[in-house]
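Sending over a structure as structure tokens; questions will come in a sec.
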Amino acid sequence: MNRMPEITKEMFRRIEVDKSEAEVIARPSINFWQDAWRRLKMNNLAMFGLGLIIFLVVMALFGPYLVPYTYDFQVLEDQNQGISAAHWFGTDDLGRDIFVRIWNGGRVSLLIGLMAALSDLIIGVIYGGLSGYRGGKIDQLMMRIVDVLYALPYLLVVILMMVVMETRGIITIIMALAATGWVGMARLVRGQILQLKEMEFVLAARTLGASTKRLLFKHLIPNSMGPIIVNMTLTVPSAIFAEAFLSFIGLGVQAPLASWGTMVNEGVAVMLSGYWWRLFFPAVMISLTMFAFNVFGDGLRDALDPKLRK
Amino acid sequence: MKKTSKWLVLFLAIVIVASVGLVACGTDTSDEPTEQSSTSGTTDKDKPAVEQKLRLNARTEPPSLDPGTATDSTSFEILRVLMEGLVRLDKNGQVTKGSGMAKDWKVSDDQLTYTFYLKDDIYWSNGDPVTAQDFEYAWKRVLNPETAADYAYQLYYLKNGEAYNNGEATADEVGVKALDDKTLEVVLEAPTPYFLQLTAFGTLYPVNKNVVESNPNWAADASTYVSNGPFKLASWEHDSEVVVTKNENYWNKDEVKLDEISWVMVNDDNTAYQLFLNKEIDIDAAPQELTYELIQKGEATSTPILGTYMYLFNTQDEIFKNKNIRKAFSIAIDRDAIVNQVTKGGQIPAYGFVPPGSSPDMGVDFREYNGDLIPDVSEAKKYLELGMKELGLTELPTITLSYNTSEGHKKIAQAIQAMWKDNLGVEVELSNQEWKVYLETIDAGEFQIGRYGWLGDYMDPMTFMDMWVTGGGNNGAHYSNPEYDALIEKAKSTADQKVRLEALAEAEKILMDEAVVAPIYFYTRVFIQQDYVKGVVRHGDGATDFTWTYIEK
Amino acid sequence: MLKFILRRLGMLVVTLWVIVTLTFFLMHAIPGDPFSKEGRMPEATKENLMKYYGLDKSLPEQYVSYLIKLTKFDLGPSYFSKTQSVNDIIANNFPVSARLGIQALTIAVMFGVALGTVAALKHNSALDYTAMVIAVLGVSVPNIVLAPLLINVFSVKLGWFPIARWGTFAHTVLPATALGVQAMAVIARLMRSNMLEVLGQDYIRTARAKGLSQFAVVWRHTIRNAIMPVITILGPLTAALLTGTFVVEQIFAIPGMGKYFVKSVNNRDYPVILGTTIFYSAVLVTANFLVDVAYGLIDPRIKVGVRGE
């Protein structure tokens, strides 16, 4: 395997030099994002994930109009019916069409998942980045604040928010999730930065007089993109489930509207009765979302990786 | 990078396999307990004598096994076999002389003084005789403000009971006194026709005076626990299991056939049902989602318990101060559909407020006597229009229905929301709240329609009717009607059951005509029980007594 | 080093104090009182109860007396359980939760790291995809679904394990698995992503060029450098797993501590809320401290908390 292949004369070919081609730029100049997009496009799995995300979003927006029911239309006599031509995903215990409820719920769950991931990214990454980069006493202080936020009984915080905020809507739910959701990300980024900042290229950049902002955003954070993206993709399903928990406390979406998380909860309760479609469809939706975000996230990670840029 | 050597992958694969093996090792040991139980099960069949062990599910940890501080049905279920009051309700749920600690009693003509004569051969599980002083001590202990017993009000029937609990009277002024070791004199505040029944209730059980005085924490541990009932506490593993064994000092021990009763604490419906199917639990509540199916198949039994599930109207609200609007909303609920298609637990649709079986002492069932008091759905629209005219409204503003968070309440609320839309054309919003927040909301009157449930404290219609008097502590509807108050007062001032029946029936008619509440259904308890368990006694208020239970295989 | 540890210990106390203070006032700020139920109790009874538990005093007074008791490690009574104090609850239930948590953690770390590593080394192969499907399922199938499934398959159908409850080692296998799977999936994903990153680094190429064996490259150079994010999440993860989980305890009927975090808030059982929070915080802060120490051990270049000296 390591044997050097023999080199023969036939392997070589003379190239004619065409002077007119000298001025042609072989590769169009493209910026970072174009390059990333180009590489992302080559990753079939990632593109599949992206396609799936787009499909889910489109269905959440338009799916409810594909059937002649609304999410709260109930016919008690038709309760717990299996899959049929009339009800593609069956019906629930109040005789409501699960297909329309799934896509209505998708609006809630997808929005919440995305917003939670976004808040993770914005608050968590910056906080963790600063903490890790500054190090020393500031790091210790910032991390103890994270500990405190992490340790406060979440239920108490949520009940308090529920009482303080009179109006309940998607914004309130997102705020409740964002309130402490970012601390995990902050710890993760901080750990990465602690490791990265001791590396040679950071020292080099610092020696060259790069500002803190530049160091953080051009060197340290881009190099931590792997765990950041992975963690973000994990945030999406956990936010979807957290919403289900919130509606259990009374802060989630108000019935008769449902989210995927609350539908899974209801589906689990009837597992014994054999109404499998009530658990299956919302669970599949969450898994699909999870899968789509994961493969897309992986592709994105590869595409954005500064080391892989050629 | 692609040329990863295969053996590294192999190594990691081994790690995985090894871990699986580790889990598999657990399998070997795991078979032991299950096998043991199954082998012991088969040997049982061979043996002539069946093991007299009953295995129950308490669902959660009983908060207290001290009769003075217990307040929940789990604790009382265990206490019922550990302790015994002056009276133990018999197999038919009736008060009979000699069924409990008292062999006989006399009631004065004014119905205010009860003299109880205790049996001679009654002993605590530690050998001490049970005395009248134990009862006096136990009851005064419950009323003592320093004990801070939640259920002190169960003894407010005693003369100066409430005053002592309030700190306005001394212990000596309370109407309970041991005349000698075996004679107990009880003086009541007012005639209470159901007082004998109450003496069977957990809060009125005796405690061993010497034991409690020497160790206030006596009820926390099996080793210090002393009881006077058919069983004694053998072990208490918190959050896991309570075991009681037969009390050889019990006066009626010959009638007690069980050697042991254990309560495991399995709260998940699915898990509990699997344990039941595996015959590791003998009796349990039917799993919520399978209730209907199991009743249909005859595998679960539904028994009524004394309780009403209802929607309260806030009579102080701008809209719901109008009686006809309230009535419209109440009538528009299709109670049969709720029971048959939504809750599906064998509940009884409620067309009156007081549940059936509430009046064992009245000679006639109160519910049957007073009949159905809620008109047909078709009249709903008429009342709504009438009410809106009275309020000068052409259109109803958005109405909010509040409930505390739970899957069951949510389901019912959604179904009723749709019924209101169909039958009245009214849009109602739902709003769910966490339990304790919800209680404050109702208390403060910050709601329009709210879910509520009421379980009777004792077997008499009064426990349902006196909550709606002006300023009553449980008057969540904030209802006030002098005519109603007068009827309740009339029923309270007499022991004549005929007068009481008339007055209470009249009061219920007012309650329903004014639609202060919309009763939805009467509670039932649905249970599953292995075929080999016999002789379980279930009372009308939902209480279960295992004193006479036995296993027959 | 001693000075460092002492300083961290001091920090722990301060952090705990902040948590206690915030939780104390937070729990009194939310509506609901510990003794309310559907049927309202008479005012006098309620006053007796408030007096009995010292709730009739002003909040600052209650706060101070709580702190004083806390310095004696007395966490107070439970309003709900009349037989167990908060100390009793922790003493009875923590060992159960901890045992289960350690087993779950072992499963999570062992399988998670192995899966992630294999997936990265066999990037884009069938093995990689399988590992990632497991990870996706692990995260997107919540415990309330997974746990009953495990019971139905392994206990009811196959009869390998007891259905539920606590006692022998066999009782722990399914709940530990249910608890560990989610953490395993998270660890596997992080591990894979970081392994891929590290495998692309120049020093790995150098190591290979030096002719190091594949084992040495992966074991000494790659895993060591890639495990950082896993170590980071181990802090909170350990704290969460050791102190019990409501859902798994509920489904498997395990006498653990997790239920008290939920039950205490539902019941407004103030001493239990505070007690469990303090206990959890202490475990969390300790775990995070160990994580920081581990950073330095794994990568000697990292110095945590000593730069200011």
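Brief remarks on what is shown
Chains: A, B and C, in written order; residue numbering restarts at 1 for each.
Here is the rule we use: contacts are C-beta pairs under 8 Å (C-beta built on N, C-alpha and C of every residue); 3 or more make two chains touch, one makes a residue touch a chain.
This structure is a prediction, so every number in the text was calculated from the model and none was measured.
Looking at A-C and A-B, the interface holding more C-beta pairs in contact is that of A-C.
Nearest to the common centre of all protein CA atoms is the CA centroid of chain C. Separation between the centroids of chain B and chain C, computed from CA atoms only, is 36 Å.
A straight line joining the Cα centres of chain A and chain C is 23 Å long. Here the spacing of chain A and chain B, counted between their Cα centres, is 47 Å. In chain B, the positions touching at least two other chains are 270, 434, 437. The set of chain C residues touching two or more other chains comprises 30-31, 148, 200. Looking at chain A, one finds that residues 159, 163, 265, 271 touch two or more other chains. Per the touch definition, chain C reaches chain B in the complex via residues 30-33, 35-42, 44-45, 48-49, 51-53, 80-84, 88-89, 92-93, 107, 110-111, 114-115, 117-118, 121-123, 127, 148, 151-152, 155-156, 159-173, 177, 199-200, 204, 213-215, 218, 250-253, 255-256, 259, 266-268. On chain B, the positions that touch chain A within their shared complex are 269-270, 273, 287-290, 293, 337, 341-342, 405, 407, 410-411, 413-415, 417-418, 429-434, 437.
For chain B in complex with chain C, the residues that touch the partner chain are 1-2, 4-5, 7-9, 11-13, 15-16, 19, 23, 26-27, 29-34, 61, 63-66, 69-70, 145-150, 152-153, 156, 162, 165-167, 217, 219-220, 237-240, 264-268, 270-271, 274-275, 277-278, 280, 434-437, 439-440, 443, 452-455, 457, 473-474.
Contacts from chain C toward chain A in the complex involve residues 11, 14-15, 18-19, 22-23, 26-27, 29-31, 132-133, 135-137, 139-142, 144-145, 148, 186, 189-190, 193-194, 196-197, 200-201, 228-229, 231-233, 235-236, 261-262, 265, 273, 276-277, 280-281, 284-285, 288, 291, 295, 299, 301-308. Of all the residues in chain A, the ones that touch chain B in their complex are 72, 74, 76-77, 79, 93-94, 159, 162-163, 248-250, 254-256, 265-266, 269-273.
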